[in-house]
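Listed next: structures, encoded as structure tokens.
First chain A sits with chain B, and in the next complex the same chain sits with chain C.
On to the complex of A and B.
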């Protein structure tokens, strides 16, 4: 039953070439992340200064970085970090943002005012200052990076979800639900949430892409993952001093970041078309 | 005379806005007997819908609030009930159908599930018997191929069919009172006739009383037993449908009837009521006086009391003092 549903969704998805490309990109990255230890030709952290900044060769397919580490291996291992951070941080932000947004949107009044003013304050706070503050407070590391990115994402999630709820709340079917004696939690979870969920999923996938990008940016600024752990942003940052002499050090991690972000965005766009029961019919025609 | 099911006494629902107090419902009295269809007629914005919302306590608060009055339903005052008690009444003993069938169903659930949901909320049925009842309800409102159609989503239905689904949901728990807020306004004429016929049938079969809110006097003439004419939050005339159509007393009712084209008369032009509904914020005297062609001095100063004209016929107008 569920399998046939997934299969028919996939058929729909496949009609949209770009969305399918997105799925291929992301599944490719997931496979890489899972099988990194098997795929990596060399150790990702082992340094060897005698072969630093070498271009692509048969032994080192994507060349070596400034410390002579295998770039291919580092990118493969780096995918684990980027995907983990992207997905978990957005997942956490989604759960909290969903809760805040649904409550604020549905109940309105003082509750709404209070939640939204806090959100405003958080939005007004310069993001990198926040990131620096959190990293200083909690110290660097994957888990703290996840916390940083989800704290940063919560207010926008709350905002977007509140907006969706507000637009649905005015619809007559909510009024009708009340007239049939539905209680608040049923109205929120059986009426509002299912009607907003497709937009929320689309928004989340788009945000996964930007979370991966933010991870890289923080890594680039030295606020993210501590070296020598392979992380795409940190790889970019390390290679930028040798940009002229050895551009491959930054090009390959850059391409990896691009594939991850682009893949997530394409999937997000495709999902929007597939999840809406009205649009679905148009796609089928 | 049949038993009185619902009695609304001096009901006042005010909206507190920045421009002042809007008296959407300003002291109305209504009676609905068992198995009766009462038509509530009036122009847009005269407080018809708010009357219905007040009865089931769904007035948007704030800015709205029921300030005074009683809504006696089967002898109990609904305004004194808790929200929890109201929830079991809504959709159970009293249910409501809405004007726009296109937007009053949840777009992401199959219609069968939605009807089942309203059954599950108020009846002690389980599993298969809910399903059976759902199909049965869809057959009662005459949806062809009910079993397959139950698996369809609202957007796969036409407007008339959606209104039937709404009616199926509303009557699935055998309500004793159905509030129908302009149920045919968004539908075209042939479908209107079918829906009205359906409502009449349900009344016969299930003995449901119906409060039919409409601005269409043709609809009233067709199905209603009694009529209440509403203007600016007040009931200006109330009576038997035959009396109201044959001998309308209030100038406003006369005006409304004069504005309907008749097939057995040749008139060049339809009569109109001059002006528009005044805003509901504060007007001295009878609310209708600025548009009334028979207005006298006292109309500008005082509120007319409701007067008994004949058997089951009351009117609020100084012309009958």
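On to the complex of A and C.
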């Protein structure tokens, strides 16, 4: 029953060529991340200054960076970092945001007011400046970055989910469930949540893309993952000084970031068209 | 209308208060002893103790916060650990650079985004539509710093058309009035300075504009598509109004209303993105100073700069809300 539904959604989804392209991009990255040790032609951290800043060649397909490390290998390993941070931070933000959004939307009143005021304050920081502030406190490192990006993502999740709950709360089926004497947790988890879940999936997919982007921005600014760990943003930052002579150090990691973010965005857009056309405006904000 | 504005303004104060508290707490618990950071290396424990007392670091936390708040309201944001100058005067000096960059990016994003969106909507499913929507999606997905570096590689290193950093060549003299170099050189009629400042401005502004450009284009397109299917457009056509007039007078004006809200939100992206773009192009603005100061652990500077950007963002959002309610009176009664 569920399988046929998924199959028919997949057919609908696959008709959208851009969305299918997104699926290929992301699957490609996942494969790369899983098999990085097998695929990487060279060591990703071993330095050798005698071959630094070499352009693409047969031995080093994407060239070497300023420390003579193989850029292809570093990009392959870097996909593990980006995907791990993107998925886990958004997973955590989703759990917390779901909890906050559901109780704020469902109960309303003081709880709602309190949660939404906190959300307002966190959203008063333009773009990722909240993430910058948190990273100052926590310091660099993968674990801290996951925490940082998930805290940064919580307010928008809470706000979107609250909005979804509000739009469902007045529907007849909720009234009916109440009239049957269902308790609150049953109404929330068995009635409200299943009706919001498709929008939540769409939104989460789009957020994974932006989490990967913010990870790379923080890495580029020298506040995220620290060297020698191969992180795409940090790789770009290292290559900056050699831009004139060795642009490949900057070009390739940037393309990797773009594939990851674009892939997530395309999947998210495609899912939205299939599952939930209403969400369009909400997400663009 | 006035009550609406008053209501919106009354909401910002608690938000800003809470923002200042968050920033204060983060900087307070950030690693490093402020007194030691202020004095730098090679200090005696006695000096450290003395400065700690002078800075009031031994006071309870809430006293320190209230003192910070009181000072901030009076315009005193503390002294930079690094330059030993007043943070406020440093920020005032850097502020016009960020405004110039953000406004220039916004102008580019609006011009390109809106025209691409309108044309895509009018020629729906044409090649132009498909290409520009894919490009728009790419623009949203590209890291700003990467776009900046690629532009720099092409236009500065390969073609040699633009400088790689700063706002104005050293040898050019410009009398500063507003601090916005493009405006200043127009006011003073300084053609050399105008050309040079534009040359410096174009790449940072263009790279910062990429994200917003894509979002505005996509949003304008969907808004325009919705509008041209409305009854009043059919009515206008039926009346025999010329097609150009239908598009520009009837459709375009109404399609722009929802675009205004995204434009407001784009300013948040621009202010945040400015941190990255200014770092790439060594643009001497607020964003650049935040990163430089974090790496120097110059916390008063970071604190002041973050507070300024948050304040600016909140005010811009207020203005957008107000203008939106002016454009679409239905909002006010919700």
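In this section, the second predicted complex is superposed on the first by the 246 of 285 C-alpha atoms of A that agree within 3 Å, B and C clash if a C-alpha of one lies under 4 Å from a C-alpha of the other, contacts with A are read in each partner's own complex, and residues count from 1 in each chain.
Convention: a residue touches a chain if its C-beta (ideal position, glycine included) is under 8 Å from a C-beta of that chain, and two chains touch if they have at least 3 such contacts.
Quick caveat: nothing in here was measured; it's all calculated off a predicted structure.
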| item | value |
| --- | --- |
| Chain touching more of chain A, residue-wise (chain B, chain C) | C |
| Partner chain in contact with A:171 - chain B first, chain C second, else both or neither | first |
| Touched partner set for A:217, first chain B, second chain C, both or neither | second |
| First (chain B), second (chain C), both or neither touched by A:195 | first |
| Partner chain(s) touched by A:38 [first = chain B, second = chain C, both, neither] | neither |
| First (chain B), second (chain C), both or neither touched by A:180 | first |
| Of all residues in chain A, those that touch chain B in their complex | 109, 171-173, 175-183, 190-191, 194-195, 277-278 |
| Residue ranges of chain A touching chain C (in the complex, touch as defined) | 18, 117-118, 120-121, 124-129, 132-134, 136-137, 139, 209, 213, 216-217, 220-223, 233, 236, 240, 243-244, 247, 250-251, 254, 257-258, 261-262, 265-266, 269, 280-281, 284-285 |
| Chain A partner contacts - residues on chain C that touch it in the complex | 14-16, 18-19, 22-23, 26-27, 29-31, 134, 137-138, 140-146, 149-150, 152-153, 157, 215, 218-219, 222, 258, 261-262, 265, 267-273, 275-276, 279-280, 290-291, 294-295, 302, 306, 309-310, 312-314 |
| Touching residues (chain side chain B, partner chain A) in the complex | 56, 58, 62, 86-92, 95-96, 98-100, 103-109, 117-118, 121-122, 153, 155, 166, 169-170, 179 |
